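Chain naming follows the written order as A, B, C and D, and within any one chain the residues start at number 1.
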Amino acid sequence: MNNTFGNHITLTLFGESHGSAIGAVLDGMPAGIRIDEELMGHMMNLRKPYGAISTGRIEKDLPEIISGVKNGVTEGTPVTLLIRNENVRSADYESISLKPRPSHADYTAHVRYNGFEDASGGGHFSGRLTAALTAAGAVCMSMLNEKGIQIGTHISELYGIHDRDFDENNLEEEIALINQKVFPVFDEAAEEKMKEAIKEAAASQDSLGGILDTAVTGMEAGIGDPWFDSVESMLAHALFSLGGVKGIEFGSGFDFAKMKGSEANDPFVYENGKVRTLTNHNGGLNGGITNGMPIRFRTAVKPTPSIGIVQKTVDLSSKENTEIRIQGRHDPAIIHRARIVVDAMSAFVLCDFLIGRYGNVWSAGGGK
Amino acid sequence: MNNTFGNHITLTLFGESHGSAIGAVLDGMPAGIRIDEELMGHMMNLRKPYGAISTGRIEKDLPEIISGVKNGVTEGTPVTLLIRNENVRSADYESISLKPRPSHADYTAHVRYNGFEDASGGGHFSGRLTAALTAAGAVCMSMLNEKGIQIGTHISELYGIHDRDFDENNLEEEIALINQKVFPVFDEAAEEKMKEAIKEAAASQDSLGGILDTAVTGMEAGIGDPWFDSVESMLAHALFSLGGVKGIEFGSGFDFAKMKGSEANDPFVYENGKVRTLTNHNGGLNGGITNGMPIRFRTAVKPTPSIGIVQKTVDLSSKENTEIRIQGRHDPAIIHRARIVVDAMSAFVLCDFLIGRYGNVWSAGGGK
Amino acid sequence: MNNTFGNHITLTLFGESHGSAIGAVLDGMPAGIRIDEELMGHMMNLRKPYGAISTGRIEKDLPEIISGVKNGVTEGTPVTLLIRNENVRSADYESISLKPRPSHADYTAHVRYNGFEDASGGGHFSGRLTAALTAAGAVCMSMLNEKGIQIGTHISELYGIHDRDFDENNLEEEIALINQKVFPVFDEAAEEKMKEAIKEAAASQDSLGGILDTAVTGMEAGIGDPWFDSVESMLAHALFSLGGVKGIEFGSGFDFAKMKGSEANDPFVYENGKVRTLTNHNGGLNGGITNGMPIRFRTAVKPTPSIGIVQKTVDLSSKENTEIRIQGRHDPAIIHRARIVVDAMSAFVLCDFLIGRYGNVWSAGGGK
Amino acid sequence: MNNTFGNHITLTLFGESHGSAIGAVLDGMPAGIRIDEELMGHMMNLRKPYGAISTGRIEKDLPEIISGVKNGVTEGTPVTLLIRNENVRSADYESISLKPRPSHADYTAHVRYNGFEDASGGGHFSGRLTAALTAAGAVCMSMLNEKGIQIGTHISELYGIHDRDFDENNLEEEIALINQKVFPVFDEAAEEKMKEAIKEAAASQDSLGGILDTAVTGMEAGIGDPWFDSVESMLAHALFSLGGVKGIEFGSGFDFAKMKGSEANDPFVYENGKVRTLTNHNGGLNGGITNGMPIRFRTAVKPTPSIGIVQKTVDLSSKENTEIRIQGRHDPAIIHRARIVVDAMSAFVLCDFLIGRYGNVWSAGGGK
């Protein structure tokens, strides 16, 4: 509940933006998973603000692994990942946001926590906590990669600018390709236009959102549970945890509204002795369970609510209408950084399902 | 897990299409909730196949309430709802579907359950089980209505035909209006076109999907939890449990990809001493927590996979490609019936949050 | 929560003593487990009142299996077990117990459910619900037996009368022996004395409790989880669910208070190439995890609170002190019947651990 | 699961004895609870080894509160408590215990984690982790004390030496008294004898266990859930998480085996307009729910398995029988330190129930 999620493995998230540290506890992972530290460093880098990412180097500030790992291999006990904050509050402080920023969690947290919330920099709701999710996801991704499962995400749309689709016939290579890109767009012209749009938004102190498109290869058929723990349910649960996510669709998603059943159904065929479908409108999921085809889904991310433009808001102390201009440097877009958090959360969910299916007996370099 | 869902209250679903009965256990509801039996009858009716619904009368076959209710009022112990099946299998039977129907759960269930599944009529994956969800949702809706919370859903789009939107200025009345309609469309011309499209699909043994648009009024601010149990996470988890659901978006959802932050943010204002937002692009949810505005979301439902047209599939015993023509009467569309299941699941999730917030001390006709 | 329990599989209990039915939903069991119906009948018989049990025949009123089983084999979907009540209340009824029976749940349920509880015959708190637990336990026991795991329980003590201990050198045979006995006592003289004590208690309208002693053989080492999900934690959680249970000890339990570490520790030795311990003071559990030795625990059951003797109690309506004489036929002892419920709950817990360890891929007659 | 526990609030435990830190995440506590830091310091002190405790001063090394607390008051978000280890392993290390210490978790962890466990100093199974539990329990105890609920524990028996019982007529004062004692025994002569026995055990490199007796005052009636979440179930689940705990009994517990129902039942009476029972054989719990009387239970703790005497064990690499002499300084008894961990875990469980009952709306200094 609340800050713990998962059926067979659990992920517990903690920390505030301006507290001493943020972190996550990943519990229930099989003993014997070798954590791919280069992968973790790469994923952490992809989540960083653009300037830092562009250098391409492995940053030194990997999370501290407090527990659960011996010589780079999971012990089976809770893996705790800690990331210290640099911008720490003083011991005594007043941090209630009495002028809530529009479309942030300031106002809702204020009501939810009866005025006791820490609002500095978004507090517990800060996007900074996704750094811990990314680190935990890297542990899960290490396990998936060992099993031949790959996940990749590109920006499908940003402010009306569209990237080309994944090439379905070449999906593993496409995933490998996009995972190397700091700004994850296939089409170079589209990439330039998107970056230009972001720069323009930045110049006008505004922000942009977009749509992420994710592909997962290598998942065998038969993974998932009926009804409440469908793969769609668990992935959506995990992804809607992320602050700016406001929509998710699997396979053809909302486009199904324009299709007939005869167009939407994915016929089965044998290919090289293995069952597959001729099309993949269902995004690899029938009845909530994997059918062996790539899992495909798209995630809508709203524009970053932190903008420098003057906005209307209320003053919760005087109970009057007022205005706010959010100070400081703001990300005009986070979608290119959110992509790796989407991958990380997806990796967690898929590990959860695989461990539910096969249990927790595992061996490093071997797998089941 | 699996067939049990919820944090503070739980819903457990059981049964198969051709077993002796289906049902649900709703546990943790406060004692003292008066179940609105007329509402339950009405909701059960709205879920029925179109012909039956059109009569508008309360059907006799309400679920049997096995436990947890005394004189129409919840006792606080598990509320068990049982619905007998009429089309029951013989004692010994062979029901494995060796020619899986495309885009159904036949193939994935076969792999998931290692060939031991009951495939008759979809078995545990049958849409019939949503009757139990609807009945359980009616219990939850009774509690919400007592608190002044209303939920309503219309068909926003079907095969490219669009209904008009909810009138945001008149939302309670709009919900009351749509909840009386068996075919939930506001615009009469659109309703006719949609029905015509469904008839045409039926005539060609095909099927159609669509998009449902839901509004919730009366939810106070401050309900929801951070991160993994955001309102979006829990609603999406619940709604993606439903067989044909393939997409969900909150507020502006996927349209956020075309917006700037300055357009997407919802400014706060005081109105009659109460905080509200001037727009509602976020669908009543900031940081995963209610802000007091109507909760708004849209659900994409794929075309019913059961179509009478010949389709390609595989023969799992001979391991060869083959064809299938699904026999029997099929619903050419289920979206107008799915709407009440969406409402039912939403009611469950909102009750779960309210009980988490206020505990389980309640009183009939009063409440917190 | 509440009426649902389990980590990897779940057991949901519902019903009231005088409602239309009681039952249980067992979810998450692997597909392909053949349910031993004779075993289920035998276990149900052992739970029945003494007169009925003594006939030794398989009763006809096995629970109705509503779902999840095909031709006697689990499908992997929820197994629902329904047992109809014969003594059903009228449609409208008043059942609040305003003179709570001492040491029953009448008073506490009245406060807990704010006066909305069903108190007829104990309502949801009735021992009758253990019939559903026993049936669910029989499904779990079928799986354990397939894997060579056996569970048996005898009455270790009743009103100061002691049975001999299990013969540790011959534990499988001892378990087989005790599982055939309706009144589970090894020593014939002790059995006679216990029965005599029960008859005397009955004659004076009084009741007796006792201590159950349980042995589990065939559990491999390495099953269990650290800290909160130790085998002791999960077994105790399950067993303290049962109405009259007031104490549990593993291995030497409370006798450890009189021992030194050098006496209490169980030294490891190799025997036939396998690790075992020379003694078993720890009841097969070190650090909450099985060590391959028999699991041993004892359960204290208080005297049945329903006695015919006049007792002091309160009148909750007049708020005055008063007296109560509980009418009707009462079991002077339930401990010989409780033994099979203890076995059933233990079977559930061990299945839960095994499925967590090895996942849900299984095959009938096959095992892992 | 595993290292996360709780229904309405959750406690997640992490760390290893020789890792960089241990800690706990306490999630779901209402916002606005003032943490009693003096109480936390006192509880942490009581858990320390005897020498350190006897000074009676507040130690400097309180846990670092990483998150969830602002100016000493809970924010409603996860409270993370971190305690750094001083005796940290080198970066690369080999820590598998190939000569498992009898009655420790060495062997079972080795099998459970397939040889990937960290065995240094007990690893994740080390009693050191109870420091984090104690700190988390202090947060819960702060909330309970605000509501007038008190918990206290004394050593009822140690190596056959008995303390006097709690004076039931003066329970609050008795709890206050025992909570001030580092060695929690009422009777001075018994205290001296127990200390003497511990010294003798130490001198012979042996160890002792004992029985703890706990009393809780101030719990209102009606708290607890039926069946699987009885107060007994949840308390036992929590307490059996602790390494050396091997038995728990509520009220008269195992003594019920010698009693008749007419002796065991607790008659209800009105006293000053309030319902109470004349006796308290049920330890304040009827049907798993509080009846307003003090909650009473006893916990059996086995002798510390770490003893200096030579013991038989196996060599897991050569697969031969061998001997082990455990090096280093060992606690000859931990029961006087375990008492505060029992209190801490009990405080957590009672908070969990209260928050389930009343929700998470709270206010500092006020509360519900």
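Keep this in mind: a contact is a pair of C-beta atoms (placed from the backbone, for glycine too) under 8 Å apart; a residue touches a chain by one contact, two chains touch by 3 or more.
Remember, it's a predicted structure, so these values are computed and weren't measured experimentally.
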item: Of B-D and C-D, pair with higher C-beta contact tally; value: C-D
item: Pair from B-C, A-D or C-D with over half of its contact pairs in common with A-B; value: C-D
item: Approximate Å spacing (C-alpha centroids) for the pair chain A, chain D; value: 38
item: Where chain B and chain D are represented by their mean Cα positions, the distance between them in whole Å; value: 45
item: For chain C paired with chain D, centre-to-centre distance based on mean C-alpha positions, whole Å; value: 26
item: Touching two or more other chains - residues of chain B; value: 1-4, 8, 13, 77, 112, 124, 226, 361
item: Chain A residues within the chain D interface of the complex; value: 1-4, 8, 10, 12-16, 19-23, 25, 27-28, 31-32, 64, 66-68, 70-71, 73-78, 80, 82, 92-93, 95, 112-118, 123-124, 361-364
item: Residue numbers on chain D that touch chain B, as the complex places them; value: 8, 77, 226, 355-361
item: Contacting residues of chain A [partner chain B, same complex]; value: 1-5, 7, 11, 13, 100, 102-109, 111-112, 124-125, 129, 157-160, 201, 206-211, 221-230, 232-234, 236-238, 240-241, 243, 245-254, 256-270, 273, 275, 277-278, 281-283, 285-291, 298, 300-307, 309, 311-314, 316, 319-321, 356
